[in-house]
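One chain, chain A, appears in both complexes that follow, with chain B as partner in the first and chain C in the second.
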Partner chain A sequence: MSTTATPTAPVAVPRNATRKSVLAWAGYAAVVLVLGFFAVASPHFATPGNIGAVLTQATVFAVAGIGLSTVIATGGDDVLTGGIDLSVGAVCGLAGTIAAVATTAGLPAGTAILVSLAAAAAIGVTNGAAVVLGLRPLLATLATMGIATSLELVISGNIKTALDGELFRWLREGSIAGLPAAVLVLVAIGALAWWALGRTPFGINSYAVGNNATAAAVAGLNPNRYRFGSYVISSVLGGAAGILLASRLSAAVPGIGAQVLLDIILVAYMSAVFSRRLVVNVPGTVVAAVFVAGLSNGLTLLGVTSQWTGAAKGALILLVLAVVALRGRNAR
Partner chain B sequence: MTSVSEPVLLCLSGIAKSFGSARALDDVDLTVRRGEVLGLVGENGAGKSTLIKILTGLYTADGGTIELDGGAVQINRPADAQSLGIHVIHQERHLAGRLTVAENLYLGHLPRTGWLDRGGLERRAAEDIKRCTGQSLDAGLLTDELTVAQQQLIQITRAVLAEPRVLILDEPTAPLASGEVEQLFGTLRRLRGQGVGIIYVSHYLQELQDITDRITVLRNGRNAGDIHLGAGGTLQDVVELMVGRTVTEFDHARTPRTPITAEPALEIEALAVPGALEGLDLQIRPGEVVAITGLVGSGVDVVADAITGIIRASGSVRVNGHAVRDSAGFVAAGGAYVPSNRRRDGLLIRHTVAENLTAASLRKISRFGGFLSKARERALSGRLIDRLDVRPADGDAVGGSLSGGNQQKVVLGKWLATEASVFILDQPTSGVDVGSRAQIYAHLNGLVDDGAAVLVVTVDLEELVGIADRILVLHRGRVVADLSGHGVTTDRVLTIASGAESVKEPA
Partner chain C sequence: MNLTQERSTPAPTTPANLPPGTGTAAGTPRTTAARRAGALAPRLITPVALAAVLFVFGTMSPVFLTAGNLLGVLAQLSILGLVATGLTIAVRAGGIDLSIGVALDLSALAAAALIYDGYRAWVAIVAGLLFGLLVGAINAALIFLLRIPPFLATLSVWFIGTSVQQLLTGGGAPTYLSSRPVPEGFALLGHGWFLDTIDGTILILVLVALGTGLLLSATRWGRAVTMAGEQPTAAAIGGLRVRRLGASAYILCSLVAAFAGVVLASRTTSFVPGSGQSYLMDAIGAVFIGATLSKFGRATVPGTLVGVLLFALLSNGMNLIGLSFFWQGLGRGVVLLAILVLGVLLTRRAGSPSALNALFRRPPPRTQSPKTSQPVAPTTEGSR
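Up next, the complex of A and B:
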């Protein structure tokens, strides 16, 4: 903190500033507490194998969630008018399907990945163009979600397509120094995104655009350029998450996009809880993804039937939104 | 004080600007010398903001020339103005609240180092703020966590860091307390000493006396004159130039009304909105029109919303003896509210005139416990259309298609149908043509004669002096004067509202 200047006039430091940063840490504490409870309650939870499984599962949510976080940061976090990318789940499914169909057709893994990421980027360009033209992100991405879902069914013929190959097997089973490959991918993407959003002019400008587009424009930035870019980033990361997901399942499963969408939205919005500024952010998204994956895993280990996990997650979303709403009110 | 020997820095001559058929600026001249603080004043709509927007490249002038340091310049875009060294501190604080002070300060010019050193950036920001404004601020705080005055420091520092040749401040002190105003003036005096030309736009005339060397007054898009306060000019001269000597459209010979009963219909106690309004006390009796006025930012813009429960406020409001907590309670107790933003808050613009007129009295036009009767809707709305002379006299016309004046008649008519007894009207005639204005006033007078209590919130001084029995003047959130509406002049109200004359607190 900068306290080098000697104060000549008393500067009123808002009394709730400290309390708010304590609350940000409280978010992390709650995560540790819940995961710690599972570790104590179930002997299988904290085993290296299970932790690896949780982290591998978290990777998909985290990678796609980082993309969505970029959109929310740049578009503003108002659910109705701000940035949102509902197509991210469908893009996940579409990218996995394209990768599987392309490798089955004999394309090399690298080429298949490039083709599927290019298709994802095309959806992102459509989203970005629609938003820049002034369409509501919520509705525009709902439309492209329908398009991407439909394309996925057309390409796969609505049947499960096996995804096999050395690279995909490595993503599923490989490891370096005991760390699963998927986790290494998460660390790489997470570190890059954290740097880009948190430690570069690009990131600060993006947050500025999402927070107050007029202020950004007055400062000489072009808000639409940042908005457009955020949707492309979201779709490309959604596509990457889709390839990771298909690798984990050894197959592209039609309709998987709808299943992961809610979790992706949850982890992106939940990341705000771990932030002093109450904004979505990359480290928070990763923590939230680990938490959500750990929650599903832990509940299963405790013998809670899978029918109840949806209710548990729903309650969690409400809790997160309540915390954000209450803290937001305090900040006024 | 600067002497006239200082070279002219900025010279605007013959500036003209029209919007459609409306002339916003007509042959306006303005000069600023090096190291001079020029005050720029005028009533709302006099052309100040248009002139500033031309100077900052947001508008392009239709005619006239701009010279900077003796050479003619073209300003077509905001970037042109900035590269010429013309910077502005906007009235609206354009800051991103969830960014830190340092991030906002350098937004658009953040260092491209590849790895942003937050700590270093914040130290540099704190030093820059200290150097430019003389005040200390923790640059790591979020902008949302700052007071309005501290947010202003960011804007001032941003402008000073740009090393302006001409600095324009648009109502910079509206959010500031007096100590903070002094510090702003300290900064301006330092800039003046460095030869910067400063254009200072403010409604607060007292401040103009403290900081400006000369005041240019605009009226109706033209130069009304220049006043040198140091050389014999007075604030009274400024007010006279601003208001002009025009004849009012109101009947000043009206007889003072006597309230019908002594029991107040509207009682307001200690009504307060943080940062906007402090402790308003007011009682209005049936048969009385009270007006509240003030400059923009004085609290006049929130007072009606606060009374009617649209925005959260502390204090108590009683309508006809019933305590009011929200807008539904206000209406249930016999209140009627005509909000200032007619198209957004007053009228259902996609609904028909008949639907709008009956919207507040649906129970009256429904049958069998909840089925609306179109026949009753037509009958009730038809009566109101006749009574208010809504044009076109067509209940099926869509609300949004009517002229401003007829829209306002419909909004008012909605409440006539409810037989409300306490009327609150916020800027009731803004954007309303003269003919409809007169009709709206006639209806208000009729309502009052029938025993309604009316509160009009307005910044239109003519209107104020024309219709009110009592006038409350707000200044920086507090009532500074409680005047009789009879025999008061617009000059006097403006003088009080702008803080040029302090009036004793009402007892």
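Up next, the complex of A and C:
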């Protein structure tokens, strides 16, 4: 038994590689098909203004989803015992509220953002510590979700707080070379996360821990350190998404955390469809976020009532998961 | 450390307490008494927390410990108690059911709508239970036929169920029964009194909890479900029909939740869309707090009821001392986190004396023979 082996990437050599890659392309094809249908069916869908709006909307889900993807990649994708961060939605709401309240109180925008990100990180540290101590992530983050929701109510007084300031206005309306500011943020964060999770030892080790923590420990990694880090990353990115969301709505709306949580979870798990190895990943998360935002937008443009959107999303997540489950079974 | 010692150590690696891969390092051998105390300590947290809640609020509010208030607390916890009892079955079967609020809501919707249209009580009750059966069957099909992980399958049922409710109620309009003559049999479910002193819903909860508890702990089915939940591979090799057992557990879970919905509709003489999901978080918390009471970290009905009681007393006490609703979520979250973390800490004490140090410590070099290397936590993960 060799213990000197350096941690290697969990490269699964696919047995039926061609079939799998075809199926991976099927995921992208479905996205193109659905969005293409909207573009044909509604004359307003493919206009530059609407595309900008969809991308701006997608930014929130994508940024928070990247955080959750990190947790899932590092914790393993078995939800009951593996990595999950239920508090990410509540942290989203909390960070937006803190930013809004701090700006209203007269703090400069930069300081307000720092304060809210620090609060988000504190929740992440709590999550990480509880998980490292041995608590199930599902339960630990359930408890912190309650705590963050309550803190949001306490700070906002359950009142919508306006978020105004040059920086936030730029995030909402500004653009560079025709690209909305929020999209630039998404590209920056997405590229950084893609590089960190896919191209650095940190990312590869994280995937190793998620695939088989015991093997990773034997190979000399400290699984707990990666797990702890992933929860902090998730919360900080959740906080960033909350600030983006609040600046898009130009206000922090109490209780919005519970609404975005489901979309964030959907986006993070859906990313596995866009991967040959069926693992949660960053580019897939971004694509999934654009798809979900485009779906909501397209359904609204076609005049479908909002009540159906939830059902459509639920059916979508089931479809995605069934595809993943069936592909997983075939590969075995 | 020889094998016999290892075998006699009370297994701290119950699935409820340890994530896979955090196998406890070989601890120093301890005396039997110390080991027993160590095994008992985590199970004492919840009773101690309960006593602390009673003591703190008892001293802070003069009304808290009066019989009237405590009976009122019991009457309030009955719906949550029913929901959590149902959830216990799903958790015992090794899963989780996030759609439990959907089963509750749809059954309350069906019952309220039928009573509103003047149907008899039993028709409404049966229709409510049928909706629960439907939700449970959908869950079971998704999880055991399509093999979608329980968390995600029931999460999507939650999505879809919320939509269905809004569509059925015309965008979420509540149904009020106050203007209608409600059949006595239906009104009795939520407004009955037992011996003129005890709220009827408490009696219903006791009966349902007793039935479910006996079903899980004293019947062949209960033992089989427990086995299938904790060691699916072993249970399958042992000849159990694991998927069929799991499916029956999810259906039963939804049925109990649906019954809670019927009771809720009768108690409030109305149906408000989306009222079921608010029980979900407390129910999950109660079930897992209850699991700390069990020697095996297993979800049990009595344990769940203790967890529900803890939440109900906490809410009541916080209301009585005038704590704002905004702060109450914080209080509940902190208590939940504290109990669960303490439970894990005390269970793991033998293996790792300084658990947080684990974060900053590299794993020890493994140069020994494979026999003495770190024991791998028995998980079901590898079998999936």
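To be clear about the criterion, the second predicted complex is superposed on the first by the 317 of 332 C-alpha atoms of A that agree within 3 Å, B and C clash if a C-alpha of one lies under 4 Å from a C-alpha of the other, contacts with A are read in each partner's own complex, and residues count from 1 in each chain.
FYI, a residue touches a chain if its C-beta (ideal position, glycine included) is under 8 Å from a C-beta of that chain, and two chains touch if they have at least 3 such contacts.
Just so we're clear, the structure is a prediction, and the values are computed from it rather than from any experiment.
More residues of chain A lie in touch with C than with the remaining chain of the pair chain B and chain C. In the superposition on chain A, contact is made by A:207 with chain B only, not with chain C.
Of the two partner chains placed by the overlay, chain B and chain C both lie in contact with A:220.
In the superposed pair of complexes, A:131 makes contact with chain C only, with no contact to chain B. When both complexes are overlaid on chain A, the residue A:139 reaches chain C alone and has no touch with chain B. Touch criterion met: A:199 reaches chain B, while chain C stays clear of it.
Across the superposed pair, chain B and chain C both touch chain A at residues 1, 3, 212, 214, 218, 220-221. Taken together, the chain A residues at the contact with chain B in this complex read 1-9, 11-14, 16-17, 195, 199-201, 204-205, 207-208, 211-212, 214-216, 218-221, 276-279, 331.
Listed in rising order, the residues of chain B touching chain A in the complex are 79, 90, 92, 94-99, 102-104, 107-108, 110-112, 114-116, 118-119, 122-123, 125-127, 129-130, 134-142, 144-147, 150, 183. By the touch rule above, chain C contacts chain A in their complex via residues 15-23, 94-96, 142, 146-153, 155-160, 162-164, 166-167, 171, 281, 284-285, 288, 324-334, 336-337, 340-341, 344-345, 347-348, 355-356, 358-363, 365-367, 370, 373-374, 376-377, 379, 381, 384. Per the touch definition, chain A reaches chain C in the complex via residues 1, 3, 75-76, 78-82, 84, 126, 129-140, 142-147, 149-151, 153-154, 157-158, 212-214, 217-218, 220-225, 228, 262, 265, 269, 307-311, 313-315, 317-318, 321-322, 325-326, 329.
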